[in-house]
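Structures follow.
Here chain A shows up in two complexes: once beside chain B, once beside chain C.
What follows is the complex of A and B.
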């Protein structure tokens, strides 16, 4: 509130804030929030499953992304609403933790809220609904654990891992080469995996992409790829048995952090300075040469003089190597990142069997490949494809496949896919609902209905009659007591997902249920939305 | 929610319309009788270019339709990867989508069309591979094949009047690269004046620079140093230095020291025993004068790619420090001289022992012609350089498309279910290429394509469209050859893009960024 005076000195009150605020309360707020979540779900649900469709996303700058990855779609959408933002966070949460199932988690959360709206209309208090969902989620998770199975694999026999990765890749545009991409992903993960500790450091798998060629040319490189070229055009393009000096210091005279001033007031001093400068360059190159290195990777640039000295000393070098790549290279080659020339010695050099510069296409576009690294701890997946959008989508798909494989190495429990676990859980939850005498019974039953949304979407996207398919499946699951029956998306003639070899990780599924339930609860509990409009 | 959304049918229609419009935009430029486009810059109305190169047209137009953007992207990738076929890739993708649109109107789901297209693509690629021939073993035959290849590429461009001449030029230039695909080493020098006929490939190398003042304009048995070093003010690269003096006499001293430093550098350079010094950076008067006095010819400010090419031509290394003369590899040339092309003075370096780079001098009556000639020549060079790696070739003139269409059609008969419609549609799309070729030339396309189809079913695998006579001809005899890699890449990218666009059921647009 502001008091102002007009030209005659009379006071008046300006109430600015009211104008800037918009407020929704109680049922209205809830309704609005739920509506938003449901509309997001409706966008995403057509992307579910092997027959799901893609979205074109146009960024504010007119850039185009084509994808069916839930997290990517949400990330690239122009989101302004807070509830939308929450759902984007939800999808990202799933992406960070599990890496796959980012679409399903949003669809499920949307379905939960859609069901909640019906209950709210009946006059059930949102807190009771939230409690019911919580309870139902527990039942569902317990049930999931019950119907999960274990898979076995080791470094030689990893067919099961490939199958799991294939399920993850099958819904993407790259599914023509799903077998090949899955194999690549699994091999990459196994190379860097520590099977005893059941740990995988995903950041050791580099996924690099270049347009051109076909997806079929995508390959696993046992080593590292840097998108750079040798600093001097006439340097050797190929080094065998490379001993690599990995430098994080520039090839230039030292630049002390403390401010200083060097005053030159005589010719002698000028000449001395000149000699000093020359000496710096020579010393640096000499130190590198003396350490026995035959390849220099530098995080910084170096000027023409240093460049030529390196060339003259037969030290092929690469400048402006990125920090992440430096670390990867250090890990893979067993070298150390050296911050000072004086600390360089033979022990700190990285070893790689073969390093070469490879030209691509007709436009002087080169990459440097480091192969046969001594430690074998890092690998690179080099993705090719006909256009930028395909390459990007392939990278995302590979990321998903890598995550699935990692999750299986951490925890080898799986559930069968195709909506089978959701149907089975739905049955279990609605059965449990009958035994509960309080109001929550309704909420629990709604939870079961929400679970059906995923198989329904799968069936819809595959061109099947959703209601008929789901009711058949439910009946069959009860009749045969087989929790592996799911939607036959590809028309293979069997509903048994075990036979179709479609499976998801247990950890991923549990995470989906937990995250979506939490999100639904959170949105339900909001009864007041106060919007502050910005200045404009 | 302030999302600009297009859903399902709407999204699909918008994609199809965009893609087909784009392909219709470029399809009249396809083939030897294709027409050119004038591109006018939006910011500068005087800036126009005349071209029939697909990639150039597409790069210049502004499109907001997402599907059209995908097609522009594949055209760019085609240009980067193989250099030619930038129009055909877009036309093919457009035709595939046109067929797909027809199928969707028949209520066939996009996913089914996609799986049909994939089957068809596999068959088409197999047919393409089967039809390809590799003539790289016999050097003489390979050269002939390269000439034909260059001829085919050039025939659709402005250079077609001098097709044979430019084919020779392109093949010679590429063979000099010795298998390298770095087209940077071929310098294309455009000089207004004369006619296209006067263009030639220079035996030696031409540098568009001037020889230093007062230095000889002709130098025999040159020993060349190619350098990249500051010859203007050579700063000492230690940070935080300032010069502080207390009398003007000392200023003079310091200045002298500075001069001495430069002279010293020059001395070191001359001590390499050279008589020609070429620098990437500027050479100031002082060092230039020193070089003149010592009988060294100096050339300043040769840009970076020029320096790299020079290094390739003369076999010199690019030098930046001068303390170890014994380690420096110098370049040699029999003759360096100043020549005149038209009005301009240039430097010719000839008689190099083993040049791996060369210069093509293009002459023409106007800047637009020269620009278009350069683009055309670049396409031919790119194709030829890629053929050095992937040596297989196929027959052009619509021959290979009809051949693939035939195999795909055979496959369609074997596929059961709705997919077979999509496979058939793929064959139709392939046959659109010769149809467009004919249309552009003003021939009776329906008649000729039908005849062509019949010829291929009769087993005449070399049959294609004779673009001069407007009838069916034997492509082997006519020497219409195209690179296998270009066709392979075009087919692959076009199908990939079509698939990608087909899979979309929702276009979500963000608000354009406020400017």
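What follows is the complex of A and C.
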């Protein structure tokens, strides 16, 4: 930090640990910040679009993640710089709200800042630039709404939803099976969706992954999967018309919570105690049997004695079922979670049409599948894949697809993808720029240039000549007045995204623009960076 | 010879640092300049933000008090400035940057007179006199808003709230946010204006405009046990039980022990324990509650019990939210349920669980006592949300002040220029050194418009000259001429609705003068050797030595 001197020529100590603080001010600070954002953008840029590439991220423990999901990449990069952190938060914000488009939002924010640097070099006040960006953003959002279209779907006809989900999955490594995965995602969402209230609880979609098999074996299970096996190897592995007792109490004599001491001072007492213990077990099994249950799921464990007893009484049972699964099972089967055996009765049992234990491959790994549940409130997607990385990436892709579907259920407006809306907005914004008399005109024009970055990256990643492609597209959009013309990444021979059936949600696109503009403004507004090099 | 033998007199402990005299005073003023330089650029609608990283956390802010606090200033004179910023924050909530800049400018003006050997006391006296004159003038010219006219008074509040947001990150949506702020504050009990009753929640994701105002209470879905999802999530006209009770199967007394002689009795102990919790749950349900909220945990047993009976429950609800619910429903938070009756339950129009970004939120609205409200902020990043919250806080404070004090002045440097002109006019009529010093005060006041123009990248001198010229015109229409940020010119800021409660300016002038006088009155600093490290070690050593001896007595 700059040092001031007092009357004796000694340096002033004004702040605590002054020598550990570092300060960057004015144009240097802004330049440094923008440089960081731009370099981050350059990392992510290559992941955009169906021909985008993946990144390998190695965690400090040596764990490997392969992904092209923006939020995941940023999350796993060990980031120390403040500006980078802001951008990470930005992509998380997009992930939280929309769940898709996390790469584009960072790329766009980076592009905005890159353009801003040029304006700053011209001597335009950063806040004027930010104001111009905001103005331009409003224009772009209005324009997006104008070029958006509505899609229709209902529980039976959901082809449109699948197409939207496919656009989201297309850029991922799993895109070989994009049709299959998208179908799964859409069906899963439709099962749990409340179409009237337009509310979807994503938590109710369980996504389970297991290595082994191939992605093709990934399936939607109309029910729940538990990564457990029957507690006794000889128990029956398949139950039809299962009546399930969902227990949150252990199969053992209950213990009082208050501290207690049992005084055994004679042989009789000891025998009695043993008898009682036995009786507890018998009673428990009897209560379960009496209620009519033919399958027991228990949140806690039980010892061999209880296990044996259950086996003898032909009660297949599963122990150590997780709390979240218990809840999902209760919801799916319409059962109630029962905290004590005495409360068990027929009404509280969950109903599932078919329950079976399935061995996976040769690994001695079993899962239990509950199908045909009475209430269709929870579903499970069971992901298979050659290795852990693929399974994880498939899960993330499914998450994106699920989010896209949910957003469409919330708001059924879409824009066509492939960079078409960006180009269209860019045209609209630069047209509007000419009508503005103040300094902001320059900023608005830069916003339009920044918008081009996304189609440019798409074209670049697809091996096309970016400048030629974009200028052709722009010319064609104006000539034909068709806002659906985008980058033909897959070489399908048409630039019309409507024909290619590539589309994004309107909400997602708007959100991208708003969040990126917000972030660009925040970073532009910083003119002073004070860093503390303390213990860490 | 005797001179040589005279022992040196040690007045102060070894390592004590002293500094004194005129040079020291000048040194202090120089130290203050450092502080002011840091926050100078944050002033006004074209003010910039600072990114401050303190070890682990980083903050992006434009709020003077926040920045100064994070800088962690130790210099004694410079600390005074930090303190006035904080006091301004506590007193009026906004104008923290202004007050620091003004205080330093007063010192800067005084500096040359001190170098010319004017006694600091005379400067102090004149400054105080000038400050009094300013306050008097503010009272004279402040415009009173007719509060009996509801629409007009609301408009005034919105304008004031908007002015406070001008320099912030959310400035472009100030109309949107100032409406929210005014709604939230006017919703409060107008006598008490207890700001704790406005809850601000932050949800990452979403755009600024997605921020919500809720006429009621909202809180994030609390940690829930299995069974929660089976509870209904929407109630119309629910009965709400507000509790401070742990609803869990647990030992009633820690450390207690039950002695069981006969194994047969074992079951009865268990039953007794279950009975206690079931009785509690039963009382709650019997009283007719549909929504059970507790500050303490609600266990899995209770969750499932409530799920069976279509009752919604949430445990570990944040205390402030529960307090606000209590105020809103007019019912007490019960710390025992044994005597819970229907009358003790609160009521509202609607309770619903909703998705906000990634989170689920429980929203209760439509209370009989309209006294609490919640603002849910949306934004891209955590730092962004934090800065939004700080900005709204400033704005809320301003509205609160404006309700109590319904006179306003025009911002944008207009009021400062008017005061400056008034002081210079006055100074010409008096005799003595005060004349020049009051003029110095008047000059110092010009810093606000000057800095505003400078931050906007204008030619500050040119703007200042224009302002002086306009204000020299005795025509009262020219009284509110201030800096026009949009057109690099001057304009009537009263007409462009840059309004501030006069109280802010009063307080700012008062606090700045006080701080300047305080620093001016110091002529010596005695700094003891750093006590924190050396002495702490010694004290701890002493303590350790003491402990065993105390124990040895037994």
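In the analysis below, the second predicted complex is superposed on the first by the 491 of 536 C-alpha atoms of A that agree within 3 Å, B and C clash if a C-alpha of one lies under 4 Å from a C-alpha of the other, contacts with A are read in each partner's own complex, and residues count from 1 in each chain.
Everything below uses one rule, namely that contacts are C-beta pairs under 8 Å (C-beta built on N, C-alpha and C of every residue); 3 or more make two chains touch, one makes a residue touch a chain.
If you're wondering where the values come from, they're calculated on a predicted model, not measured in any experiment.
Contact with chain C, but none with chain B, is seen for A:248 once the two complexes are overlaid on the shared chain.
Shared-chain residue A:195: touches no atom of chain B or chain C.
By the touch criterion defined above, A:467 reaches neither chain B nor chain C. In the superposition on chain A, A:86 makes contact with chain C only, not with chain B.
By the touch criterion defined above, A:475 reaches neither chain B nor chain C.
In the superposed model, A:340 makes contact with chain C only, not with chain B.
In the overlay built on the shared chain, the residue A:260 is in contact with chain B and with chain C. Judged by the touch definition given at the top, the superposed model places A:307 against chain B, while chain C stays out of reach.
Put simply, chain A uses residues 253, 255, 259-264, 273, 276 to touch chain B in one complex and chain C in the other. Residues of chain A that touch chain C in their complex: 2, 4, 6-8, 12-17, 29, 82-83, 85-86, 89-90, 92-98, 125-128, 131, 134, 199, 201, 203-204, 248, 253-264, 269, 272-273, 276, 299, 323-324, 326-328, 330-331, 336-340, 438, 510-511, 514-515, 518-519, 521-522, 525-532, 534-536. Every residue of chain A that touches chain B in the complex is listed here, in rising order: 36, 39, 43, 46, 51, 53-62, 64, 66, 68, 73, 76-78, 80-81, 84, 173, 176, 211-215, 232-234, 252-253, 255, 259-267, 270-271, 273-274, 276-278, 280-281, 303-305, 307-309, 311-312, 359, 361-365, 385-390, 463. For chain B in complex with chain A, the touching residues are 1-3, 5, 11, 15, 64, 66-67, 69-70, 73-74, 77, 79-83, 109-111, 118, 180-184, 228-229, 236-246, 250, 253-254, 256-258, 261, 308, 311, 317-321, 323-324, 327-328, 382, 385-386, 489, 492-493, 496-497, 499-500, 503-513.
Considering their complex, residues 19, 23-24, 26-27, 30-31, 33-35, 38, 41, 45-46, 48-56, 58, 60, 62, 70-75, 78, 169, 172, 203-209, 225-230, 249-253, 255-264, 266, 269-270, 273-274, 300-301, 304-305, 307-308, 355, 357-358, 379-384, 387, 456-457, 486 of chain C touch chain A.
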